[in-house]
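Before anything else, here is the set of structures, which you'll find just below.
Paired with chain B in one complex and with chain C in the other, chain A is shared by the two complexes that follow.
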Partner chain A sequence: MGGKSEPAKSESMATTTTSPDLINSSFFSFKSLKLKTKQQELLLRIAILGLVYILAFIARLFSVLRYESMIHEFDPYFNYRTTLFLTEKGFYEFWNWFDSESWYPLGRIIGGTLYPGLMVTAALIYWALRFLRFFVHIREVCVLTAPFFASNTTLVAYFFGKEIWDTGAGLVAAVLIAICPGYISRSVAGSYDNEAVAIFALLLTFYLFVKAVNTGSLAWALGSAFGYFYMVSAWGGYVFIINLVPLYVLVLLITGRYSMRLYIAYNCMYILGMLLAMQIRFVGFQHVQSGEHMGAMGVFLLMQVFYFLDWVKYQLNDTKLFQTFLRITVTSAILVGGIALGVGTASGYISPWTGRFYSLLDPTYAKDHIPIIASVSEHQPTAWSSFMFDYHILLFLFPAGLYFCFKRLSDATIFIVMYGLTSLYFAGVMVRLILVATPAVCLISAIAVSATVKNLTSLLRTKQKVSQTGSTKGAGSSKASSKVTLDQSQPFQKNGAIALLVGVFYLLSRYAIHCTWVTSEAYSSPSIVLAARGAHGNRILFDDYREAYYWLRQNTPTDAKIMSWWDYGYQITAMGNRTVIVDNNTWNNTHIATVGRAMSSNEDEAYEIMRSLDVNYVLVVFGGVTGYSSDDINKFLWMVRIGGGVFPVIKEPDYLVNGEFRVDKGASPKMLNCLMYKLCYYRFGELTTEYGKPPGYDRARGGEIGNKDIKLEHLEEAYTTSNWIVRIYRVKPPTNRL
Partner chain B sequence: MVKSTTKDARDLFHTLRSAYVATPTNLKIIDLYVCFAVFTALIQVAYMALVGSFPFNSFLSGVLSCIGTAVLAVCLRIQVNKENKEFKNLAPERAFADFVLCNLVLHLVIINFLG
Partner chain C sequence: MVVQTNLSHRIIVLFFLLPLLSALADSASDSDLINELVSLRSSSPDSGVIHLYDDDVSKFLTSVPTPRPYSLIIFFDSVDLHSNSQLRLQKLRREFGLVSSTFISNNNGSNNGTKLFFCEIESTHSEASFHLFDVETLPHISFVSPTTENLTESDQMDGGDFAGLAESMTEFVERLTKLTVGPIQRPPLLTKTQIGIIVALIIISAPVLVKKILKGETLLHDRRIWLTGAVLVYFFSVSGTMFNIIREMPLYVKDYEDESKFVFFMEGSEMQLGVEGYTVGFLYTVVGLLLAFVTHMLVRVKNLNEQRMTMLLSLVISFWAVRQVVYLDNWKTEYEIYPYWPSSWRR
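Moving on to the complex of A and B:
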């Protein structure tokens, strides 16, 4: 025993004595590997990009960890339903799908009215995983598609930054965009919406186009046409690309930076991109018929004329003759173009700008003319606080980056400046478009950060070079610092540089902290599951929505038709699997107005409308018990406005008292008797919601309701969820006539 | 006034013609191809004006295939032309391969769109 431990001890001592030798020898062998600086830099870059890729993915997983892996919000449920259909029935059925389960009795041609990019992408990932024998459920793929594509966007941002400025800017851009809240807000895990894939496609198209303009290669232009095709298949925001790129070409032509490369890049991208885009049924012939796309065609024709004139000038070598030729051609071209445009617009062949995009140019248009567009909260103008919330330090790094871009103008920097300025303008008009501006803001800020850090570190390095004149052969430092010489009159430059670098480090670390906090607090809520803090600070979850939809799924006949406000349509069809009257697609304003009218009328009139639409169940959302403020009573005025827009019998002032919206005793009689009021507050008068307040105290509005004794004649209560958030009523068949 | 413009036009025409004769043969072949494509497109537009544009996708695919291949041929001409300093380093075989690839994609999409 003792003897055994002795040799063990000596053995261990031997190993301890030999291990430093081992380490030393391995160390020496590592040193003898001696990666060259270039290889070290490459390794560093790849390591950083790999970490950024993983970071972008995991930063978006808060809601999956806190709640469960589920689809958020409203629109993603439709996308999920269509993806499910695609994976079950195949592409042909999907492409030609007519859905009779929504917009009863009209139905909806889903195959022709959606952007298939997102669904096809998720289905491809799903089939690829199944091919590799990972049998995941399609819902998991849908939930994680957005973070996956966010990671891919960081890679594209790196290459784009490299193209515009240099690799340093590319790396910073990748890091900034990985955690920027403006992008995270729409690409969090579970947010299975078009923007998840569209921002990746947008940045990819722009990168490939700038690459094509820089190299003049047809292959890159073809790539950008495919990128544009992907963008068109993914999101309606492709209109931004088809207007920004021609604007950019126009700016280059005007500033005299035109070159043959521009001609090749734009023409190939326009023709091939337009053709590919017309393969999507939803887009159809818009590229030749819609006013929003005419700019691109105009610039295309202008380019042909411009380059033809350039070629003739080159051939002629004589200015006088060329002037006459120029005169003839330009006048005829302008005449022909003007006549064609005039005839097209006047005859209505070229349709004017649609309301959705026109309200970007004239922000007051929607409020007066199209209440549905004005009612969506994402379409409101942006407040300064939203900008600060979503961008943080990028907000003041953006002008700094603009300065650097203007200092070193090239075709690529002109593009990013234009992208940044136009997208920021639109972000100011509509909150939702902060998402489109985010890549530009990140790239330009990255240029600022990278250029500043480069200048500061080269300042630091020059001191080193001066002190070690002969011996240093560092390949990296000599190139950068040879141009920078220390100004002898400012002795504290090196200290200043160190201080500024610490400042930059501090700013970036605060940015990272802010972004993580914002993601965790604001953008990770599934909005179908509500959370609140209990009395002891514990988290309480309200799962009422899913409870109600599953009740519908299990307790109603399969051909039941549900009437609710359009917000909940997609969720009802996806989770409840029942036919709805109106849903989030909002393509038929009159149908929505009919539902709005039914909700605003008294019970007898509403019953007639519901009988005409074959409604079996009515679903309302009520937040009076929990204090949930996005319920139907708070949305009620929009129902009145939209209904009143089509049926003048509904007048908004009837529901207001002195211009004020009230639900208590002083409310207008029309309000107290309308269907929405009755359905929300049925039996609510008996309920005590808060300690010390009378029964029937509405916690969302902060007042006691006016009409507590509600009797329903034509409807009966079918189900109310455990926290009274969703209430479902059955429409009674007409009584027998005696 | 009219006489001077006709004289100018004639001068213009002569100068252009003499300058054009000097271009190399391969470029002239490409120019011929471009003119043929544009001419075909114009014939199709004239036909559409006569007959109406009912299967609009067919009309569009026909015209756009002509315009597309004309534009791609012009791009090829730019890249192959020895007088363009920017494309000195580009091998004409690479330019032609790009041209063929883009035409392939163009015609595949056209065939899908033809209906």
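Moving on to the complex of A and C:
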């Protein structure tokens, strides 16, 4: 074999590079190439990975095909606007940018209040492309950043799977994550959000850390520290890493798996990662000051205690003496740590946990105390159907994968089990965190698929070659599978194996079908252009949002201040280029509550508030004509709740009738006279929306409105888009004093 | 003439005497009423909330002339509506009880303790009282001040006062009565004896535990325990337990049209009931564990027939479970998932 390896290698090189004579040769087959099995396998693996890489990219292009190359939703518009600023003005201007166009009259220090990772990444790609003389628009770069990073994630998933199980599991994991709806939902083309690069960074950090724990090499640990730095620069979800990794280390310590490798990996990753993370201004000194990061520091100190004890044990040969020493050290270490934490918290040096973090640990907390978190639809708890929708068969495979992991327990499988379970719990608390759990679910399910298929196929093979029953060539690397093949000497016939295999492949094909459908129908909508099916099954597009924003841009004074609910703030500044009162950053609850109060007060009171905020235009989103259900009337109760949280004059029950939210004749008088109601339904009573229904029939709520004769005193209608989705009103200047 | 004047004198005397007498009688009956209320309060099983029936309402409210020497705060309850989780009747009732017990313990022995009584009226026994107070919707809490004559005009606690539960109810009471209820004393999660027992147990077991941990033979080192825990975490996550806890969803609801029927599954992907989540979570777990069982355990069974049968059975069960879940999901989300075949394949 050794002698043959040289020519075989050169030929395999020839196949991977271009070689016209090989393609022309009539006896083209693997045999003629004389590839060794290992090389064949490598070739196959690279080919599969390449295909998966492309698949992950193109599956996310449905949104471009169905609509157009545009930025989606809300937050991405802010990211786009800042990226544009970064590429035009340069990094230092971007870093020191004070934005006076949002949060009027407060303004916002952009450089210090955002995670710059995404923008810098996109800008670097843009500059690299320009350097290579590809003159693309920055928007295209932004649109395609998410699919590009999703493709990269598949590669990381492959290496991760290889690290915790074997190459087969790695490949399956890559395929699963490439099309998993849980990940696609946040990474379709145009969804230019922090999560797009953050999941890549998250998985990379974990992979490098596990690699560092497995090898005990400083280089991998350094890599994981830089991965962590990238993650911190990209997304606030880094808090998950800085808590999961110490938890993992703690579990290893408890279960008696402390090793020098772990010591090196964690110390290097923690110290370097912390120092690097402090360079991000938005994060600053939180690693040493905030309660959310204290666990990591505690575990770091605990590691030192362990190391010290190990050293003392080595020095002392007397076990009894060591036991006493151990007791004293552990007690004093815990005492000192506890006192330090207590003093730090009491003196205010260590800040307590933030609401978002707290609501993860105690799920009912947000509902009772922080309406601004509870109001966001992606912060809702997850019903089982959402899990099914986003994971499909992975959910069936997950327990099997868990079982396999426990069968072959190692430092790496412990990590993936912990990652899977913690993130699944968090996914149950908030819908958006399904995204974080997706890589873990894919990896664990991949282990299940790969191990099962491997067991079954090796079974089939051994049956075929009756003479070599003992040989477990194909599954030599995996302990578990070799055990299985050895165990089953006689029974468990071929038929059974084939039936199981068919079952597994049937499931996988259903998964592929599900993912494709979900990607194309559910997750590719940009939500800025709305699509509906017409009476004849044809697609109708509502482009009202952009129509309204461009109207603002063309027809209002450049210094006009627009008041709207915070959802539309980013879009108005990015597309309309006008100043807004509040936007999606939600950093100042009082300011948002003021807007909520204005919207839920009657016109006179609202006018006072709007005057005090220098508002020139008010923008509301209304779905009564089109039946668009996520409009301002349906969000109205949240405005009341958030407003009432700061201004007790606003009371939710005043807007309800018997605990029910109504807009028809039975609605509460406060509801019928509040600003939001008037602005949404102004002149709506004259309009017939549906055949056979009276005028003023609201299609989103399915009822005739209660107040058809709305008179505006301090505002006047300025513009209403073609489908009435966006309505803009001008605030009149005060009348002359008499 | 004489007779005349005599008569008029008598009338005048009577005129002066009557109020005096009635006042005397009143004060006697007042203290009787208060005593009766106090005894009712002390005999009431929970937190001193007096259960009023229609007779009691007339006795303590309608037939007593104003100003009454006490005020009543009345919680209107309905057992039939307890199953409606949106109304939160039972929770509000518990909070109401808390306010009551706090008031009693803070004003015990003082004069103020007999000026306010916490009562409840239940709809099935006392429909007439509901009409009397003109109660149409629940939750409804009314405050009857000493001067209230027409019960329909009693002060009603509005939704904003329920929102903050016991604390805001207290504010409402204090605002109207000018009496102090005091800070709400919620019962601790564990009583003192329970805490004592737990602490004692920990102290006793501590040396054993420490020894075991050092030796490495605790449950923490048993991977089966970890596996069970892991599967449980998985099960509770995917079955949407968090959703049930946060939204306080009941396990099942009664059918609106037919009271004897139960609804276990709810349409619409935004909602779920307790039972449906657990059912689906169970189906997931069964299939996954069967897969692990077939590949790792079944191969060790020696008997060929047994093996085949088990295998067949687990295949059938898995197939059925997957179909069920997919069917339920399609029904719930109203999505119809279909593959995109090339258009040339379509006829």
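Assume the second predicted complex is superposed on the first by the 678 of 738 C-alpha atoms of A that agree within 3 Å, B and C clash if a C-alpha of one lies under 4 Å from a C-alpha of the other, contacts with A are read in each partner's own complex, and residues count from 1 in each chain.
Criterion: contacts are C-beta pairs under 8 Å (C-beta built on N, C-alpha and C of every residue); 3 or more make two chains touch, one makes a residue touch a chain.
Not measured: the values here are computed from a predicted model.
By the touch criterion defined above, A:261 lies against chain B but remains apart from chain C after alignment on the C-alpha atoms of chain A. Annotation for chain A, partner touching more residues between chain B and chain C: C. Of the two partner chains, neither chain B nor chain C is touched by A:627. Within the superposed three-chain model, A:652 lies in touch with chain C and out of touch with chain B [touch as defined at top]. Judged by the touch definition given at the top, the superposed model places A:285 against chain B, while chain C stays out of reach. In the overlay built on the shared chain, the residue A:520 is in contact with chain C alone; chain B does not reach it.
With both structures placed on the common chain, the touch criterion links A:455 to chain C but leaves chain B unconnected. By the touch criterion stated above, A:216 is placed in contact with chain B alone, chain C being left untouched.
Contacts of A:337 after superposition on the shared chain: neither chain B nor chain C is touched. By the touch criterion defined above, A:399 lies against chain C but remains apart from chain B after alignment on the C-alpha atoms of chain A. Chain B meets chain A in the complex at residues 5, 8-9, 11-12, 15-16, 19-20, 56-57, 60-61, 64, 67-68, 71-72, 74-76, 78-79, 84, 86-87, 90, 95, 98-99, 101-102, 105-106, 109-110, 112-113.
Note for the complex: chain A touches chain C at residues 254-256, 323, 326-327, 363-364, 367, 381-389, 393, 395-404, 406-407, 409, 417, 420-421, 424-425, 427-429, 448, 451-452, 455-456, 480, 484, 487-488, 490-493, 496, 499-500, 503, 507, 510, 513-514, 516-518, 520-522, 648, 651-654, 656, 658-659. Across the interface of their complex, chain A is touched by residues 86-87, 137, 158-160, 163, 210, 213-214, 216, 220-221, 223, 226-227, 230-231, 233-234, 236-243, 245-247, 269-272, 276-277, 280-281, 284-285, 287-289, 291-292, 294-296, 298-304, 307-308, 311, 315, 318-319, 321-322, 325-326, 329, 332-333, 335, 337-340 of chain C. Remark: chain A residues 216-219, 221-222, 225, 259-261, 263-264, 267-268, 271-272, 274-276, 278-279, 285, 288, 312, 315-318, 321, 324-325 touch chain B in the complex.
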